[in-house]
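So that you can tell them apart, the chains are marked A, B, C and D in the order they are listed, and the count of residues begins at 1 in each.
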Amino acid sequence: VSNDSLNLREVREFLESFAVERDWVKYHTPKNLAMALAAEAGELVEIFQWMTPGESSELGDAETRRAVGEELADVLQYLIRLADVLDLDLEQVLWEKLRVNEDRFPV
Amino acid sequence: VSNDSLNLREVREFLESFAVERDWVKYHTPKNLAMALAAEAGELVEIFQWMTPGESSELGDAETRRAVGEELADVLQYLIRLADVLDLDLEQVLWEKLRVNEDRFPV
Amino acid sequence: VSNDSLNLREVREFLESFAVERDWVKYHTPKNLAMALAAEAGELVEIFQWMTPGESSELGDAETRRAVGEELADVLQYLIRLADVLDLDLEQVLWEKLRVNEDRFPV
Amino acid sequence: VSNDSLNLREVREFLESFAVERDWVKYHTPKNLAMALAAEAGELVEIFQWMTPGESSELGDAETRRAVGEELADVLQYLIRLADVLDLDLEQVLWEKLRVNEDRFPV
């Protein structure tokens, strides 16, 4: 597996163990995980809210880049966990949607 | 690469070509992509908003499952695209955050 | 009451009757209403996501202005309903927060 | 004006002066204000994300009630400011939408 692949199984197993060990599985309903994902998306948006588009592209300062990375990680972990508790195959639903978009937005 | 790996490079290249071919690169500032991600997170939340937690876990009906899968796909594609335009390594930031969480929430 | 005042009591009573008549009160937990508000905020963000800041300020076209007004109305109705079910005084919490902001961000 | 009315003009004028005095008007494009509103909606959702619906209704603890009030205030201030910069009449758009909803969801 190259650096360019994300081992979803490894992440899923980590997240499930993480929840089990802390007795958090009861909180991880799809409804709650969708809320957690949206809350993290809100934190991501907050980072960019007063920037011009140009400032957001440059993102010169290392602290801000790090903060964006952390929010992306938080969204992604809830996304993977939510797909897991619903037994949805993320790779499959992603590619299905990308193919739909090709039809929906012809070049 | 097993089915459990998501080939991020393949998705990134697809999304970049998709944007280039439609002359959408100019819209894909980090600020705008963060907004798009948040808008999709809102659509995800909408699906679950009136469900009980139990209903959200069962998600009996195929139509709703499909809708959730589509919203997860939409969030994921903006997440991957945003990481790409900022040149952030998603796998790395994800695991860094998961390690931070281990320290932050001891068993 | 001038046009510049929003009669919160009137809106609260309308929204409560609306929910009662449709047997929706059971859905209107604070958790669910917060989700509904966030989903509407997502729709608001979606309108602006690909605009430049300048385009968002001009908002020339009547259709888009109308759409923004509708999303603001949707956010506001859930906001008023949520404050109502929690018995929070919106005017009071608003002015308390504005006073806090004055201290937090000195001129 | 009773306690049940929110004096929108007073809030609008406060918010405009607040922005002018801090040289923040340049940041208050509709696009940016929509993002700020969505970020605050995310903070609201975060408060409720792991609660059961029943816990969210009781909200026993004073600290949490205060936190919810603050987030509602934050959403509301951006909502009023956004309507102001777009010259939208909040009361009017609210009642128009409520009337539309009456037609859309017959008893």
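Note that in this section a contact is a pair of C-beta atoms (placed from the backbone, for glycine too) under 8 Å apart; a residue touches a chain by one contact, two chains touch by 3 or more.
Please read these numbers as outputs of a predicted model, since none were measured by experiment.
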Going through B-C, C-D or A-C one by one, find the pair whose contacts repeat those of B-D for over half of the pairs by residue number.
A-C
If you tally contacting C-beta pairs, which comes out ahead, A-B or A-D? Let me know.
A-B
Where the CA atoms of subunit A average out and where those of subunit D average out, how many Å apart are those spots?
27
Suppose each chain is reduced to the average of its Cα coordinates; what separation in Å results between subunit A and subunit B?
4
Could you pull out the residues of subunit D that touch at least 2 other chains?
31-32, 34-35, 38, 41-42, 45, 48, 52-53
Considering the complex alone, what residue numbers of subunit D touch subunit A?
27, 32, 35-36, 38-43, 45-46, 48-50
List the residues on subunit D that touch subunit B in their complex, please.
31, 34-35, 38, 42, 45, 52-53
Tell me, which parts of subunit C touch subunit D in their complex?
1-12, 14-15, 18, 21-22, 29-32, 34-35, 37-38, 41-42, 44-45, 47-48, 51-54, 56-57, 59, 65, 68-70, 72-77, 79, 82-83, 85-86, 88-91, 93-94, 96-98, 101-102, 105, 107
